[in-house]
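Below is one structure, written out as structure tokens, with a few remarks after it.
Naming follows writing order (A, B and C), and every chain is counted from residue 1.
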Amino acid sequence: MMKIAKYALLDILRNRFVLFYTFFLLLVSLSMFSLDSDSSKATLSLLNIILMVVPLVSIIFTTIHFFNSYEFIELMLSQPINRKAIFASEFIAVSAALCTSYLVGIGIPVLLLNNSAESMVLILSGLMLTLVFVALGFAASISTRDKAKGIGVALLFWFYFSLIYDGLLLYIIYSFSDYPLEKITLMLVSLNPVDLARIVILLKLDISALMGYTGAFYKNFFGSSLGILYSLGVLGLWVIIPFLISIKVFLKKDI
Amino acid sequence: MIRLFLLLTILHFSTLLFGKTWVVSKDGANPSIKTTILKAQPGDTLLIKSGYFKEGNIIVNKSLVLIGQGLPVIDGENKYENFTLTAPFVTLQGLKIINTGISDVNDISAITGESVKNLRIIDNIIEDAFFGIHLKGSTNSLISGNKLKARNQRDAQSGNGIHLWKCDSIRIINNTVEGHRDGIYFEFVTHSVIQGNVSHHNLRYGLHFMFSHNDEYRNNTFKDNGAGVAVMFSKKVKMFNNLFMENWGSSAYGLLLKEISDCIIENNRFYKNTVGIYLEGVNRGTFANNQFRENGWAVKLQASSIENVFEKNNFVGNTFDLSTNGSLTANRLDANYWDKYDGYDMGHDGIGDIPFHPVSVYSMIVEKMPTAVMLWRSFLVFMLDRAEKLVPVIIPENLRDDHPQMKAYDISS
Amino acid sequence: MILVHELTKNFGKLNVLQKISTRLEGGISYALVGPNGSGKTTLIKCILGMVIQDDGYILVNDEPILGKWEYRENIGYMPQIGRYPDNMKIGQLLDMILDIRPAQVTTDDDLINEFGLRKIADKRMHTLSGGTRQKVSAALAFLFDPAILILDEPTAGLDPIAVEIIKEKILSGKKKEKVFIISSHILSDLDELSTHLLCLEDGKLLCDNSIENLKEQTGEEKLGKAIASMMKQNQTEFAL
């Protein structure tokens, strides 16, 4: 399996996009730190990149890569190789490429320029988001037959988790503003990996915002080590569940 | 003020010069403070040597100077008020006063001064008192350099650190208060000064003003108190050069202003508070040259406040610079520095070319639905605020700064 | 070697394969013919496990293949249109395939040598002509000396020399008791290479007969004419 992943990874690296992405992230994080003398504020500015750009690039790149490597998958399928292994290899290859880009582009600069517990949470959350959106990208590709549709579904996923979901959440909060909603919103937040990552990072970075009337509740929950474990666990589920669904569909898919 | 101080100093020296000095020492001729007070004449001095004194309630009913040498300990055995001062011109200095009794009926204190004037309470250490220093109906007194520390966890078992009721012309200088209910409490206190004190980790307010007019507090630090600092129902209070920091919690304020008028708040720093300043029913206040940094809300302006002026302040790194619960905003913002301002200065005069609206749509949403705070920094909120900038519909149009500064003011402590 | 039993596959409403049953034996070369869209490629992909059937089953060496992959060690497949990762070079492609199948020791690189693929090992796949691609596909199919060879349009687009090389390879393989499944529209080639005819039409197996028998029955000497005559006969049967 590792051999196939190796060849899939080589294929990704031959395409310059990953290199470009790495440099883009590197440029962004370095310019954030040089523009802002306050390193924790720069780290906070990076939050937007991590919440918007990283998921978008991850899911679109995964989808395009899947359809571009259709030939490769076809070739592998005619060989005596397990379908599961082929799928898992592709997943590993894409994840490895994007995670490496992320670590080089954001992880290393942040650790060098602002080495703190907040930075670790930021890096870890971004890494998890990368994996989540790679998994969602595979789910989007597997469930469609051509590239254009695949990218459409992928964009929809991204749009849903970045914007639509929060809109719905706001609507719910508005409609039920007379009721105590803390626990319900806590649960609803878990259902969106982007929100979950955002809140975990914010509670480490920009605590004052969430220390308001209801903030203390979130702080108590997410601020505890149990809360961090819970968040990472839920983000993990957001990787595993789409992955398992995709692999199940892939096993039955006609190539 | 300086003249008053000189006068007091002269008085002090005169008692030293002309009075008799008694040495109170555990192994000397006068082992008891109480009996020595009985023997002493007004104007005398008691030098209390290092030792452990358990004498119940010590009443000082003559104008005496009590000076501790080597920090003698006065233990109230968790039953008694340590010192009750009933005569004017009493000085208590260099004592360690501990274990004051706790009562639900009386405000038992480490030191109580009742209807007296010209007291001097200096450089004492007060630990585990119910109330620390308690003056009622007193005037012209000095409370300086004392260190008060209580360890009570619950509100009901804790009294205030420095508690003043119906006093006038009191100076509270360079004290440290910690772990009490309110660090410093003023009720019906006038013409007094609170300066250079540090009030931190108190259960309720670091400083609590009620019905106290024409007072001034400056250069104090209020840090991590349960609810910050509250100034209520008062007039003409001056607040200069204070530091309000890390007052965090669901109802914690750097500075809570309620029903006050004609106050001046200048050169203060508000750092990392849930709410920097909360204004309710505040009229004709002047807020200038203050630094608001990394607060959840820098200023929360309730619509009941009118004719306040905010000018030349710095707003940096706050989640919300300004929020309000209504559209009635007869207040003025001018020439402040807002780090969220993204306009240009084509004329190079240091003033942004377009006005700045510090109230964001999102802050108004959060005002109505606190739970929405969890959407902070989401893409949705970003889009909402952008949309509002293009097509303003919700934000009160007159709450704006017409001269937003391009550079932050240099506000040093 | 291969047993196909009531194999059924639908793509949506389209019935691509309808209860196909047949049995393929070693040493025989099967010609798989039929009009476009008759289900030839789908049948092949079912045997390869790339398309999952809706009903019926396939046994290879008496083992059901559904969900299995090991049996493909015995199969060499040359697709109709060989599609390969664009950015790979020929050499890299060959090395990769050799690398991921280390369990198989015996390799047969005759075709690689005869087509001279190592000489153009540095060419990237997307720069190759259709014919060169076919050569690569053929070389890969024979590479591990498999007992079953499935060749989808093996001679289409190849130059005459290459066609002869492949034909030689098939004929010599037949002697080694291999199974060949050759799908083609060039009936003259099939006449030369195969001994048995599988004819598909609209997802049904129209004919499963040895070519010798067929020629005898129809009285034709060429495979093409034999098939045409058989189909005509068939239509008359339908009419009756």
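The criterion applied here is as follows: contacts are C-beta pairs under 8 Å (C-beta built on N, C-alpha and C of every residue); 3 or more make two chains touch, one makes a residue touch a chain.
This structure is a prediction, so every number in the text was calculated from the model and none was measured.
Student: Classify the chain contact graph as line, ring, star, complete or other.
Tutor: Topology of the interface graph: linear, an open chain of contacts.
Student: Give me the ID of the chain with the smallest distance between its Cα centroid and the all-protein Cα centroid.
Tutor: The most central chain here turns out to be A.
Student: Where the centre means the average of the CA atoms, what chain is farthest from subunit C?
Tutor: It is B.
Student: Just how far, in Å, is the C-alpha centre of subunit B from the one of subunit A?
Tutor: 47
Student: What is the distance, in whole Å, between the centres of subunit B and subunit C, each centre taken as the mean of its C-alpha atoms?
Tutor: 90
Student: For subunit A and subunit C, what's the span in angstrom between their mean Cα positions?
Tutor: Chain centres of subunit A and subunit C, defined by C-alpha means, are spaced 43 Å apart.
Student: Residues of subunit B touching 2+ other chains?
Tutor: none
Student: Once bound in the complex, which stretches of subunit A touch subunit C?
Tutor: 3-4, 7, 11, 14-15, 68-72, 74-83, 251-255
Student: Okay, in this complex, where on subunit B does subunit A touch?
Tutor: These residues of subunit B touch subunit A: 248-251, 272-274, 294-297, 317-319, 365-366, 368-383.
Student: What residues of subunit C sit close enough to touch subunit A in their complex?
Tutor: 11, 45, 48-52, 67, 69-73, 75, 77, 79, 83-88, 96-97, 99-101
Student: Which of the residues in subunit A end up touching subunit B in this complex?
Tutor: Per the stated touch rule, the residues are 38, 41, 47-48, 51-52, 162-163, 166-167, 169-170, 173-174, 177, 181-182, 185, 189, 194-195, 198-199, 202, 206-216, 218.
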